[in-house]
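Pasting a structure here, questions to come.
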Amino acid sequence: MLLVHEVDVFYGDAQALDGVSLEVPDRAIVAIVGANGAGKTSLIRTIAGMLPPASGTIRFKDRDITGLPSHEVCDLGIGQVAEGRQVFPSLSVAENLAMGAMIPRAKPHRARNLDRVYALFPRLKERHGQAAGTLSGGEQQMLAIGRCLMGEPELVMFDEPSLGLAPAVVQEVLRTIRDLAAGGLTCVLVEQNVAVSLKLASRAYVLENGRVTLSGTGEELLADDGVRKAYLGL
Amino acid sequence: MLWSLYGNVLVQGILTGLVYGLMALGLSVIFGVVRVVNFAHGEFAVVAMYAAFVLFHALGLDPFISMFLIAAAFFVLGYGLQRTLINPFVGRPDHEQFILLVGLAIMLVNGLLMIFGPDARHANLPYSFDSWFVGPIIVDKVRAYAAIAALAVSGLLFGFFRFTTTGVAIRACADNLVGAAVVGLDVKKLYALTFGLGLACVGCAGALMVTLTDATPMIAPGLTLLAFTIVIIGGMGSMVGALVGGLLIGIVEALASVVIAPSMKSMVSFGLLVLVLALRPQGLMGKRA
Amino acid sequence: MNLNPFSTLARLVDETPRRALVLLIGLVAILAVAPAVLDRYLLSVFFLIFWFATVGQAWNIMMGFCGQLSLGHALYVGLGGYVGAILWVKFGISPAIAILPAMAVAVVFGMAIGWLGFRFGIEGVYFALLTIAFAEVARIGFDNWSFVGGAAGFFMPVTAGGGSAWNLRGGPLLFYYVALAMMALAFIICALLRRSKLGLSWLAVREDAEAARALGINVFRAKMAAVVISAAMTAVAGVCYAFYQNNLFPSQTFDMARSIEVILAPIIGGLGTLFGPILGAFILTPLGQTLIALVEKIAGRSIPGVNLVFYGAALMAIMWFSPNGVWPWLKKKLGIPEERQ
Amino acid sequence: APAVVKAQAQTLKIGVLLPRSGFFAQAGQSMHRGALAAPAVLADLGYKVELVHIDTESNADVARTQAERAINDGCHVLTGAFDSGHTLAIAQVTEQRQVPFVINIAAAPQITEQGYKYLVRNFQTGGQLVTNGLRLIKDVMDAKNVKLETAVFLHANDTFGTAQRGAMDAIYPRVNLPIKLVESIAYDPRAQDLAVEVTRIRSINPDLIMCVTRASDAIKLVRDMVRQRFEPKAIISPGSPGFYDEEFYQALGPLSDFVLFGLPWVNPKSAMSQAFEKSFAKASPNNRFAVDSFNAGFTFEALLIAADAFKRAGTTEGAKLMEAVRATNLAEHVMIGGPIQFDAKGQNPNIGSALVQNQKRVPTVVLPKDVALAEPVLPMPSWQGRS
Amino acid sequence: MTALLEVQGVTKRFRGLTAVDNVTMTVNEGEIFAVIGPNGAGKTTLFNLIAGVMKPDSGSIRFAGERADGVPPHELCRRGLARTFQIVRPFPELTVIENATIGAMMRAPDVETARRAADDVLRKLDLFDKRAAKAKSLTLPDRKRLECARALATAPRLLLLDEVMAGLRPTEVDRIVAILKDINRSGVTIVLIEHVMRAVMTLAQRIHVLHHGATIAQGTPAEVTRHPKVLESYLGAEAL
């Protein structure tokens, strides 16, 4: 469904991604693991059209989307639950969700999607009038996911959805992701919580210093000694 | 006797302040969302004054009507400017934006001088000199109309930002730019829209001002400074703040003329500015950074 | 600052890239002998260039080095000018001495602004507005201060031909050299400062105040030092200007337009660079003058405002094509390396 | 090397430095129209002049450098510059280069008090303006037998306004006007309206408002008075611009009538001024001579003085030319007053003032009698029902 | 051993959130001490409190026997406390040597001496070759080392390192580990925040574990890794 080929990305003079290639099959969960600053977020932003790649191509459903602006990428069905949640703090929950459906592909299905999101996260319905900035971290993460789903995505990229959440909430969020994937959504999952994400994923990539150093199925990587040592502290 | 003096002065301050507030509102909206400080703001206001003047003299259009045309034209102008000239400067350091817009300001002022000459221009409406006498309080008709119009336009803008999805989307951009890109908002377009709206505000304010005072190219820098003072007092990026700041400046200057001396009134508003900066740097209505 | 000026100067020469040095020495040499061939008009234009380069250099300390945007430098120009003029007219004190109190007064005001701004964390446009506010308050204050003539102006007696150079009484040639010396001195001071501990702290504060603080830099003090030095240098230029014009009007000396004029050169030339303010002044002042003459030639009798329209357009164009200023661009063209270490 | 002056030039080249853009553009362009109309008249009088028109941009730095350039380009005499500050900036240059400088308009008394040797001023000083203005107020009260008991003095807090305030403070107690000066109010020249100031004056309710305004401020003053239905018996300016500018008539229409101002003015009965008026009509067909006559007239006279001196000196050499300028004695000229002559300081003491009143949107001389074209109207009719 | 840093019952709240919750710990002169915990546990906030960037809402901090809470960062730096930032903050427009010189300036009588000291530090951190490059053009590992170099140039007694190894390759991690050991041997006490457990285990003599702002364990690496709470909340989210 998504094909990233030999992508290089720079911030000014500093290189963030170096010849990264990866493949996301339809209806799969693909995990990307790597340390802080390895380039995971940069990769996601590049796919989402928020960072221009210096070279390489990105294809989505057999269409070259390299260099498309982010709102057009979004409109093709690539959604994103960004690092740090990125909700609109002074907007209400309902307004936040409405913003998720501003892209043309989602506009007609706004009401239906809103019902779905509220069904998925009843808590959001309770809080619909509250300013997003005053939600708890877990609620904000729900809102970020819900907002993303409002955009009718076919592929969702999750960037560290468990960041800063209490373990119980982490579990809830991860379960949601698993359920969404089971419901037919293609997922890219970036997590520092390596053990968990590898377990969920059907395929995984290890990113180090902007380069893919290892790839395989979740289980393969989980069994890999290097991975165990570097990321699991075992 | 004395209280009627204060009453009159207060009313004038409030009415004038609202119109200034509308002008400053444009600046605040642009800054709050696009994060560009429009150093040519007063110049645009003066361009609008001349536009209203021309429409009045060529077509006999009352500025209270032509204000809609001017707002529309300024919206388009702002949209285009943001798309072409300003956009590359978004996110760039203040001083670079400053030089760009100062350059623009110099061009506007002198362009107006070339076209219209230096004489003061004014739209004399049939009711320009009418007033209502409410007991000892005198209310200029045009001043009152202008204030009402300013309130109405501000109200429309508030409504737009509160109730339309596009309005909410613009607020979203101001709130969290990354978030806006994440959900697929077309940020460039929304920026252009915002700049357009900001200039539309100035357009309206300019049209209203030409019923109150006279247009000459040279008043522009003073208006820019005034708008900045208001916006910083009210809180950069806060829409209510701009109106509150305008009101406050209007009232404070008016009262200072009576209590201290007319020649010192802008000193008082600068004093107020310094006070606000020291005690509440984010402005009266601004959010804490 | 425990600098041995000579060794520091020697190192300065040593460290300045060769081509830049050649350029500099060449420029100074040419300017020193130039009056032999310059007519009086050009002398007066050069005076303005030097003057704006000096004040631009002073402003650059605050903004270019320390990152604090001042839009109210007319304040220091005006204060310096008034102090110098008052002391001369009312007490017969020579400007050569009066620059000290002139600097002191400007420094006091600079410290007031700095204290308010930096204590309360006022930054960017907000700080700029604070500086404007002070300049405007000073303008209105002087407008209403009858001891120095108020808005009607302060006039210095003319002593055409007579008077001594020490008292800055003389023709354009005197002012040419005085301004040239000011410009050169300002350049050297800035070059020394740029390499001093203080200068490096400024750069650190400009780049990232928080990180600077973590490295033991007292950010507040560093910023204060920038305002103080910048204000003092500007005040000296102010004294010179007052004696050049022989009269002072609050509406001109403290005008916001003047503050803006002052910052154009360093930004157009290249913010934070040593050559930027000079280069900027060498571009803008002649540009303004040339446009006047050019429009006059082309349009026959001049149309008021046309030349300024072009001037505004030029500002925009330079920012558009070279937002970092002309010097960084030129430096690349001339093959001058960043900085030799 | 500085341009070597060709001593035997046939025509006199005069640099006319006026603030045609920037803050003073309104006055600058008005004076410029006078300069445009002048050469034809001067030619008819047998003077040969060539004018170089220079815009000072209302900027002292530009005024100064352009003065240098004008002299480089061969100007033998400079004239200008309306604002006292710009005038002095130019005076620095002319003094050092020994080129005569004939000031057309600039009122600061200091200009002729500082010892400049190469300038003369054919304009009243601030003090003279006030003295003459106050005298005319007395005259008009006598002529119309109207009693004005109280007055407020309102002035712009700018260079000119403040100078006039100073003059007023010094002179008013000495002229024995039977009018009580209740208050003097300085207003901010950058203010957008004068509503509050008018409200304040209204609460004092004086018979007479004396004011020193600038062109666009006068409009604001009258407009706010009308809006507040404040009708003093008289509005009289003891010598300032504002009430006679075209923009004033345009903005206020009939409401611009009946205000009075005491100023040096074109003598409507002088032959030369009639010739000048004709030339003006040809040169600037879209502008009214009556309205521009103050600015245009003094600009013309400055050129006349220079041309005449050149004719007498027969040389363009600075010192000699200046000598001739100082020795000027022109009985026939355009402004009201005695012959143009200069005292030791370079000041013309013979300039007269007229009381001018706007009547049917035309500034009309109403006093002194010998040059008056109409009777003064006093007290001022109500704002209501004017046409 | 004497205590160099004493943190006594320190609490810091952000609006509703308690980022650091009644934390008490002591760091001895000469040791290497690690603070670990999941993302958002409050580690960086704790550093900010120690380094004087923020003031604790309650509790006290003492550094080298003197009260340190409420003391501004530049003053603490003078007393010998240096820190790195988790999100590296080099001075981007300045060169590597200028960056390091600024760090060394505080203790040097003049720029020349500071520059020489900076050169030494750069050599130690393998950055000497890149001294003329602008900091913004460095790669991440270089920037992390520059961050260290700059802090080290202040000649600190206590060095606070916030995730300096994050994002580095194992070989680079080993290199930094060696450098840190070296620095420690020369008498500098080190407190580090780290997620890279391999490094923590080899470096730290004692470990302090935070979770939701509160201390959940404290002790030697061996003790901590066996602690059930730690396993559950940090290492062992595996238990899903």
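Should a chain be cited, it is by its letter among A, B, C, D and E, assigned in written order, with residues numbered from 1 in that chain.
The rule we apply is simple: a contact is a pair of C-beta atoms (placed from the backbone, for glycine too) under 8 Å apart; a residue touches a chain by one contact, two chains touch by 3 or more.
Chain labels with UniProt names: A, E = ABC transporter ATP-binding protein; B, C = Branched-chain amino acid ABC transporter permease.
Because the structure is predicted, anything quoted here is derived from the model rather than measured.
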Reaching chain D from chain C through chains that touch each other, fewest steps: 1
Number of steps on the shortest touching-chain route linking chain A and chain C: 2
Which of A-E and B-D has more C-beta pairs touching across its chains: B-D
Distance between the centres, which are taken as Cα means, of chain D and chain B, whole angstrom: 36
For chain B paired with chain C, centre-to-centre distance based on mean C-alpha positions, whole Å: 33
Computed distance of Cα centres, chain B from chain A, in Å: 42
Whole-Å gap separating chain A and chain D, where each centre is the average of the chain's CA atoms: 76
Shared-contact residues (touching 2 or more other chains) in chain D: 21, 25, 28-29, 157, 186, 188
Residue list for chain C, restricted to those that touch at least two other chains: 140, 143-144, 304-305, 308
Residues of chain B touching at least two other chains: 110, 113, 261, 263-264, 266
Which pairs of chains touch, using the document's own definition: A-B, A-E, B-C, B-D, C-D, C-E
Of chain C, residues touching chain E in the complex: 2-3, 11, 195-197, 200-201, 203-204, 207-208, 210-219, 338-339, 341
Chain A-facing residues of chain B, complex: 165, 168-169, 171-172, 175-176, 178-188, 287
Touch list for chain C against partner chain D, complex: 39-41, 43-45, 48, 140, 143-144, 146, 149-153, 155-161, 171-172, 244-247, 249, 251-252, 288-289, 292-293, 301-302, 304-305, 308
Chain C-touching residues of chain D, taken from the complex the two chains share: 1-3, 20-21, 25, 28-29, 53-55, 57, 60-62, 64-66, 68-69, 71-72, 84-85, 88-89, 91-93, 95-97, 108, 110, 114-117, 157-163, 166, 186, 188
Of all residues in chain E, those that touch chain C in their complex: 51, 53, 72-74, 77-78, 82-83, 85, 89-95, 97-98, 101-103, 105-106, 108-112, 114, 131-132, 134, 150-151, 153-154
